[in-house]
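Residue numbering begins at 1 within each chain, and the chains themselves are lettered A, B, C, D, E and F in the order written.
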Amino acid sequence: MPSDRHARGLAILQQINPKSADALFAELAAICPDLSRFVTEFAYGDIYARPGLNLAQRELVTLSALAALGNATPQLKSHIVGALNAGCTRQEIIELMLQISVYAGFPAAINGMLAAKEVFAMLDQAS
Amino acid sequence: MPSDRHARGLAILQQINPKSADALFAELAAICPDLSRFVTEFAYGDIYARPGLNLAQRELVTLSALAALGNATPQLKSHIVGALNAGCTRQEIIELMLQISVYAGFPAAINGMLAAKEVFAMLDQAS
Amino acid sequence: MPSDRHARGLAILQQINPKSADALFAELAAICPDLSRFVTEFAYGDIYARPGLNLAQRELVTLSALAALGNATPQLKSHIVGALNAGCTRQEIIELMLQISVYAGFPAAINGMLAAKEVFAMLDQAS
Amino acid sequence: MPSDRHARGLAILQQINPKSADALFAELAAICPDLSRFVTEFAYGDIYARPGLNLAQRELVTLSALAALGNATPQLKSHIVGALNAGCTRQEIIELMLQISVYAGFPAAINGMLAAKEVFAMLDQAS
Amino acid sequence: MPSDRHARGLAILQQINPKSADALFAELAAICPDLSRFVTEFAYGDIYARPGLNLAQRELVTLSALAALGNATPQLKSHIVGALNAGCTRQEIIELMLQISVYAGFPAAINGMLAAKEVFAMLDQAS
Amino acid sequence: MPSDRHARGLAILQQINPKSADALFAELAAICPDLSRFVTEFAYGDIYARPGLNLAQRELVTLSALAALGNATPQLKSHIVGALNAGCTRQEIIELMLQISVYAGFPAAINGMLAAKEVFAMLDQAS
């Protein structure tokens, strides 16, 4: 792991979902590149880079929080890709969405499940 | 696994956090025992009992949803016990709470961390 | 119905839960009496006073919103009293909390149910 | 009422909003048919089928929770149809959305009202 | 300031974002003109009209609440215009969105920032 | 301003609410000192330290987000102290809570107002 926070964050983004990060950073470039830097340095360089949970577990945490909150569909979709890249299976993601019904209700579970379906279909088409 | 939903749910509750389930069911007995039955049959008998994610992964999902939503402290605490019983380590729970700061902000992460601290201290005193 | 918004709001508060409104207004007196006035005039004088839903239906709406949001326990409890005063039965309130499990998850349903239990017990002791 | 949970759930869905349920179940078929089954068996077969609140009251509860949470527009719209089918009037739904402004703020009320407007227009066109 | 609540509300809407209010009121006219009236009279005539915070500060409050809740994108966008009209700078709005990351997480901050970007671009094109 | 993120964060915490930060960091010391470090370095060293909004404006943003979310009372109270230390007046904080009623509903506004009342009383007693 690079010792520099920025390099470390970029290395992890590279493993998880570089296309989605690049697209986000391109969108933010004209309004607030510092937000891209904070995502890279804090979210990925400081937090995702820590030992204690592996990347697949971290993506389970992320998907569960986003599906339960239900207020950030673009991020939910990009972390479904990230979870697959980190080694989670489609079946695990489907199970996770089912379980969200217990804690955040069926609409959150259904909307999370349909987001997963859309992402899986997009990946199948791309391959 | 018992084939009956109710028996299956009780068997899983027995593994995860029987004391907390008993206390909740005792509290609900005088107002709505059917809610206890739905928790047992649907949440545990139908959902937790499924293959696809193991119990430790399911508790990661649960803790992440509850810490992000931040609206159910008693359930968050009882699932911190459940996560430990399902094989999660204290360090994994601490990492999970740290990561919640990225998706639900620092107050949610801090309140989840302090809930974990309180549960760990209670368990240390009990042992 | 009084034609004046303030008088109309007070008349409805008198029907629903005057003790709880008095307690709230006493608490707010020293910091922001205008907030009490807006509650009386807008929430009760403008909204609750409207035709189209009767008071019992309005309290179902209120309890459902508060139980689903799960972020305002004191208001949830005082509207459980209000719902009973508006003609809802205890059984209807229990059913409502059960149904919240479908839309906001079991922790919200359980915490709403236990709030109802506490209010019912308090009323039984007072009588 | 059928004694079997699945048949009972389907019978109630048939009364409330069969077109929307069919569309959802068709969407879920390729990713997680079990989620459709849980919606049918738990949400409708176990909860909606209970006595204590009639279907129109249950739809008031549902619309209030969904409008307050504000995180599930497709479900909000499909339950506006369901509420009408269960015997609620358009005027009652409009009043409900107005009252949500008191508990969840004006943006939630406005977005719920515009969802109702869209559903009413769609129904008018279809008839 | 007009002493009448309705006139006072309209006068403030005129300063903040008359085009967006007109569009909303036109949309609501056919379903619930009373909601437009309550927005004008309560939100603007009663609250925004008060001394104690100037309009620019009030828009900071509004944008912060809406970006943190993350459940009302149309209102968020229309208050970004309102904040600029009330004297906030683009840089202040960008800083506000950055700070939301601390209290509501990065997805809320990113979605608020991209809403700001879209509004700024729309204003640049219109001018 | 110190160029080092950690020193810069501590310098700002010193201005805003050192007692509350010390208490939090003491509580976190035994479970996750890294969370204290991330609060200091990211929230205060990176974000609060930026130009573009002054500290009083930043505390308005923070209080508005926390009062609207309604899920973090301890942090809300400690930022009411912080807002006063950053130069906000009690009247501004009261106005802010009133305005939250428009965007997050009356219960959120009432609970925020009562939190402010409690903090003001505590400060009056301490002086």
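Quick note on the criterion: a contact is a pair of C-beta atoms (placed from the backbone, for glycine too) under 8 Å apart; a residue touches a chain by one contact, two chains touch by 3 or more.
Keep in mind that what you see is a predicted model, and the values were worked out from it rather than measured.
Ranking D-F and A-F by contacting C-beta pairs places D-F first. Looking for a copy of the B-C interface in B-F, B-D or C-E, one arrives at B-F, which has over half of the same contact pairs by residue number. Annotation: 40 Å between the Cα-based centres of chain B and chain E.
Separating the CA-averaged centres of chain D and chain E is a span of 30 Å. With touch defined as above, residues shared between interfaces to two or more other chains in chain C number as follows: 38, 42-43, 47, 66, 69, 71, 94, 98, 101-104, 106-108.
In the complex of the two chains, the chain D residues touching chain B come out as 38, 42, 46-47. Against chain A, the residues of chain B that register as touching in their complex are 42-43, 47-48, 50, 52-53, 57-58, 60-62, 64-69, 91-92, 94-96, 98-104.
Note for the complex: chain E touches chain A at residues 69-71, 94, 97-98, 101, 106-111, 113-114, 116-117, 120. Interface of chain A with chain E (complex): residues 24, 27-28, 30-32, 34-35, 38-39, 43, 66, 69, 71-72, 74-75.
Against chain C, the residues of chain A that register as touching in their complex are 101-108.
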